[in-house]
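Labels run A, B, C, D and E following the written order; every chain starts at residue 1.
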Amino acid sequence: MGSYFSAERFINVFPKIISCISVNFHIVLWSMLLGTILAIFVAILRLKEIPVVKQILGVYISFMRGTPLLVQMMIAFYGIPLVLGNVFMNLFGINLNRVEPVVFVEIAIVLNEGAFLGEIFRGAITAVPALQTEAGYSIGMTGAQTFFRIVLPQAFKVALPHYGVDFVGVFQNTSLVFTLGVVDVLGKAKTLGAATGHTLEGYLAATLIYISFSLLLKGVFLFIEKNMKNGSAPAI
Amino acid sequence: MIELTGVKKAFGKQEVLKDVSIKVNDGEVVVILGPSGSGKTTFLRCINFLERAEQGKMVFGDKILDLKHVKKRDILYVRRHSAFVFQNYGLFAHKTALQNVMEGLTQVQKMNKAEARKIAEDALSWVGLLDKKDFYPAQLSGGQQQRVGIARAVALKPDVILFDEPTSALDPELVGETLEVIKKVAKMGITMVVVTHEMSFAEDVADRVIFMDGGVVVEEGKPGEIFYKPKEERTRQFLSRIIPQDAYVI
Amino acid sequence: MSFNVQSFIEALRSAFKYAPVTLELTVITFLVSLVLGTVIATVRHYRIPVISQILGVFVTVYMGLPMMVALILYNLLFMTFYNDFATALNISTPISEINPIYIGFFALILGQSCSLSEAVRGAFRGIEKIQYEAGYSIGLSKIKTLYRIIFPQMVPILLPGMQNSLIGLLKASNLVSAIAVTEIMTGALLPSLLYYSYLESYVAAALVYWIIGIGIEVLAHFAEKRSGQYLRRINSD
Amino acid sequence: GNASASDTTQQTADSPSTEVTKVVIGSGINYNPYCYLDENGNAVGYEYDVLAAIDELLPQYEFEYQSMAFDQLVLSLESGKIDVAAHQYEYTPEREEKYLFSGESYTSYITYLAVLVDSDVTSLADLAGQKIRTGGATSATTQILTKYNEEHPGQEVVLVNTESSSDEEGAAALKSGAAAASVLKKSDVTKMNKNFSDDGKDWLKSVGEPINNSKTYYLYRKDETELQTAIDGALKTLKDNGTLSELAIKWVGYDVTEEE
Amino acid sequence: MIELTGVKKAFGKQEVLKDVSIKVNDGEVVVILGPSGSGKTTFLRCINFLERAEQGKMVFGDKILDLKHVKKRDILYVRRHSAFVFQNYGLFAHKTALQNVMEGLTQVQKMNKAEARKIAEDALSWVGLLDKKDFYPAQLSGGQQQRVGIARAVALKPDVILFDEPTSALDPELVGETLEVIKKVAKMGITMVVVTHEMSFAEDVADRVIFMDGGVVVEEGKPGEIFYKPKEERTRQFLSRIIPQDAYVI
């Protein structure tokens, strides 16, 4: 593949690309933190099957999963200023059209993850036997205590691998900001590609960074799992 | 005191509890007897709101509750003043024996950790499992799990303990010991409702025995009365399997 | 912002026209990946020596490869090496007659298998050990225990997350347009060229995806009901 | 609906004072050499330089730049996030229904068939039944070639849409024979020859008549005629004094403001 | 015939089985007794390869197996010729009572569905649960689940059944009935190893009683011998809790 890839170009672009990683980290940390919290509540509420709430959540999840993230980001980016622009201007003197684009991308990803992770958690929660909840209730714990102390830790173990996939996915999806002119890892790779006419080195550098992140995350998860093992023997 | 009146509960079409009423005075020990599937577990679960009865009233301490329409706060009140020992153990799978016992102490009673640990260790040594305190439920034998369940309930020092066959997984030696534990608990003035088939325990400890069948209370009375002078044919029939015929002579 | 209904309808029509391509890509990829992913998860769950470690590292690494880059890479490799390869193996089909959609399938299936394998691996942990033992004790073989006892019990755990994967795949198949397949998103954007009616096109694409997504959700809802009917409902008090 | 970004420009429309008005220019991020982000992340290219030159000629305006993707620009324009969109927009009557085009064009956009140097293809007719890379289903090229196919039944070329594909793939497809031709600007052919030559020699050439020959303009919201007039004037000046051609040669390598 | 010799099994450092050997002849019923945590369940599990022993030999029918290094085929052979009744039921959660019983018949014994259903229904009616045949395990009471487990094992008509406390969740009436079932099974010539604390059953049915403690066989013999003339102090002590002292006089 002679002319397509050169180690020299790769070495040249790699430091430039990795220097943009803070954009990815910023987005992924906020989105996953808030997205996970949102998802937990979405999962709980879905399982409770409260009338009205149930239908609203059904539509929310369906919309967030069913439509492209790019479109959701566009709705956030153009729609929020359109609807709330005057309110923010009058109340806080903030011009929403001048707010950092990153914020809108984060809003979109948080809402998106609320739906995706929410469903992953819901599945995992059904794996926890009802008796565990009942045992929590029986010692006088509130519903919330039982959920967060008894059910969630056991469900999390089930959800963790899929959660990891999602996490790495978000780390890559941050490149959505590039559409709005903010340069993350992949955006930088594209930029360098456009500037030099050689895209492959940049993409591979970005991939290498993604893979490192995936491995890092895996390490963190393994560590968490080690501290979460509940004595049940491995598969037989 | 707890008193339940007119408790009804159906699963689909099947009426599991048809108008059950019992009254248990403070410090009293009541044993519920009855064939498999007669609704004993379901009844205990209704008391603790693990199952929602379709109808019925409960007096719990100084609260009067409608079993069907009850406030969250009242449910929590009942659960905090009672404990449940499950027929199939119901230990928290991700917590060690010790953590299982400590959980209610630290989270519900807001005890500090050191104190809770002390009480939990006492409770575990009471049931002879101090050496297994760091084992997870999956690493314990059936009998061991059941004893952890008992320790967890007793450690909470609730007003009422609901025992659902607390000795079913235990060997005879431990049955004896565990029943001793339960007797000690009884002496602490804790009210108890015990589903059990251990006649000797019932005879020794129970203030009253209730015989249930097909979702109704067939008969109730002092152990001596029920065991040796049952009024109902059904009771007589049930007991005949356990108590040797000649015992009736006594 | 103005919204032109005419453009929107045109975009919608165009998007629908290409929906079958998207559906084909999605369904085939999903089914194949489900099988592969389950195999990977099973091997890893049983910790079959060497293979499971290799697969573990592979999955973790592969998750880091963005679909877009994967497509470029495979496409480039294919175009660079196909001719030599074909000569060596005496394949007479010229490269221009090979449908690039196969490269799309390859990339999608590999990525999807990895992510599905993680979902299945998680679900394995949600099944109590005694369920295996009960299967073994009546004389079921390991494989049979797996597919008669364990997998059915995983279904209610997996279904919500599987919908994510399937619907996600529906949208991800858009990337395949990079190698010469027009599907829903590209289809919807086709008319936008004339008017720069991107808003209408994006909304149209979103709507078509959403409609298909709803279809998937409705089916999954019934599947969830059926597969989970044995679960005890928790009294929500 | 216009949100707050355009408030500032509206003001000047009401009161032509000496006050300097801020104008938000939107241009691209990934279109070398016209508008892209350089290695340091700065927005650079022909578009940006031309706009900077225009800014200098217009004391009543102060330009501010926002960079985003091609399709986001028109939406941002409509929603008031930017006031001018500059991304090599071609004129069509349909588009004019929605947007205001600048009265002056500032670049021409001409593409040709690009084939391997040893190929004897010279026109679309030579390519009947063969694959042509068009650079995306939504590109102008696709549209033109689709129309060509409709007009030449039995002589159709096979269009290979390559949305967001890379230059490497484009090169590999042509070299391997996966596609028989591509549609490129002459500047792109030069770039491809430079970047992906295996032996230092040219491997790609432009042939035949132009496939696409159009001019490019700025886009404004319909009501921004004042801004349009001002910028048109400045553009004219730049054309007349040769600045525009200079910039074109600097960035693109030859004078794209001329018709070829 | 099954014979196990020198079975050893440890969990981590804890030796749960230290050199256990037993021999059960065809058609014999052997009862294993012992305190909680003594390794009874673990021992039964080792026989069925649900737990892999670290050492030990097993003669199963005409096969001689090394418990540690055993072929997959042999494991399957043992499992297909034996059945296990779990202490905590172990029903397939996603299958109804009927499907639970049918599973082994159709999948292992390759019976056709109609025939399997017939046998399964018979087995369920044997344990008094025909009316619950379409219930899922989660909808059954503890005792009902245990009986389904027994029906599932018996329906397979295996050479050997391993019962782990098959009556723990049963009320006295059912204990009687279930033990009757097991007696009937015994008469069919099926070899049985039963972990139970039901002395009367052991006395009635067992050919031999084995008393285990701390991972070793302390004593074994005919029920009469073990119960009334135990040789070991430990056995005597264990039994003293269950059998009233004066019984020794007999």
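Note that contacts are C-beta pairs under 8 Å (C-beta built on N, C-alpha and C of every residue); 3 or more make two chains touch, one makes a residue touch a chain.
None of these values were measured; they are calculated from a predicted model.
Chemist: Applying the touch definition from the top, give me the chains sitting in contact with each of subunit A and subunit E.
Modeler: Output, common partners of subunit A and subunit E: B, C.
Chemist: More C-beta contacts across A-D or across C-E?
Modeler: If we tally the C-beta pairs in contact for A-D and C-E, the bigger total goes to A-D.
Chemist: If every chain is reduced to the average of its C-alpha atoms, which one ends up farthest from subunit B?
Modeler: That would be chain D.
Chemist: So how far apart, in whole Å, are subunit A and subunit B when each is placed at the average of its C-alpha atoms?
Modeler: Computed from C-alpha means, the inter-chain centre distance equals 46 Å.
Chemist: State, to the nearest whole Å, the distance from the C-alpha centre of subunit B to the C-alpha centre of subunit E.
Modeler: 28
Chemist: Taking each chain's centre as the mean of its CA atoms, how far is subunit C from subunit D in angstrom?
Modeler: Here subunit C and subunit D have centroids separated by 36 Å.
Chemist: Would you give the residues of subunit C that are in contact with at least 2 other chains, written as numbers and ranges?
Modeler: As it turns out, subunit C has residues touching two or more other chains at 1, 68, 72, 76, 80, 128-129, 133, 136, 199, 231-232, 235, 237.
Chemist: Which positions in subunit B touch two or more other chains at once?
Modeler: Within subunit B, residues 49-50, 88, 138-139 contact more than one other chain.
Chemist: Find every residue in subunit D that makes contact with two or more other chains and list them.
Modeler: 1, 75, 79, 166, 168, 172, in rising order.
Chemist: List the residues on subunit A that touch subunit B in their complex, please.
Modeler: So the residues of subunit A touching subunit B come out as 131-132, 134-142, 145, 149-150, 153-154, 157, 228, 230-233.
Chemist: Would you pull the subunit E residues touching subunit B in the complex into a rising list?
Modeler: Residues in contact with subunit B: 11, 33-37, 41, 87-89, 132, 139-144, 147, 165, 168-176, 197, 199, 238, 241-242.
Chemist: State the interface residues of subunit D toward subunit C in the complex, per the touch definition above.
Modeler: Residue list for subunit D touching subunit C: 1, 71, 74-75, 78-79, 89, 92, 94-95, 97-99, 130-131, 137-140, 142-143, 160-166, 168-169, 172-173, 175-180, 219.
Chemist: Would you pull the subunit B residues touching subunit A in the complex into a rising list?
Modeler: 45, 48-50, 76, 79-84, 86, 88, 90-96, 103-104, 107-108, 135-139, 152-153, 156
Chemist: Using the touch definition from the top, list the residues of subunit C that touch subunit E in their complex.
Modeler: So the residues of subunit C touching subunit E come out as 128, 130-131, 133-141, 144, 148-149, 152-153, 227, 229-232.
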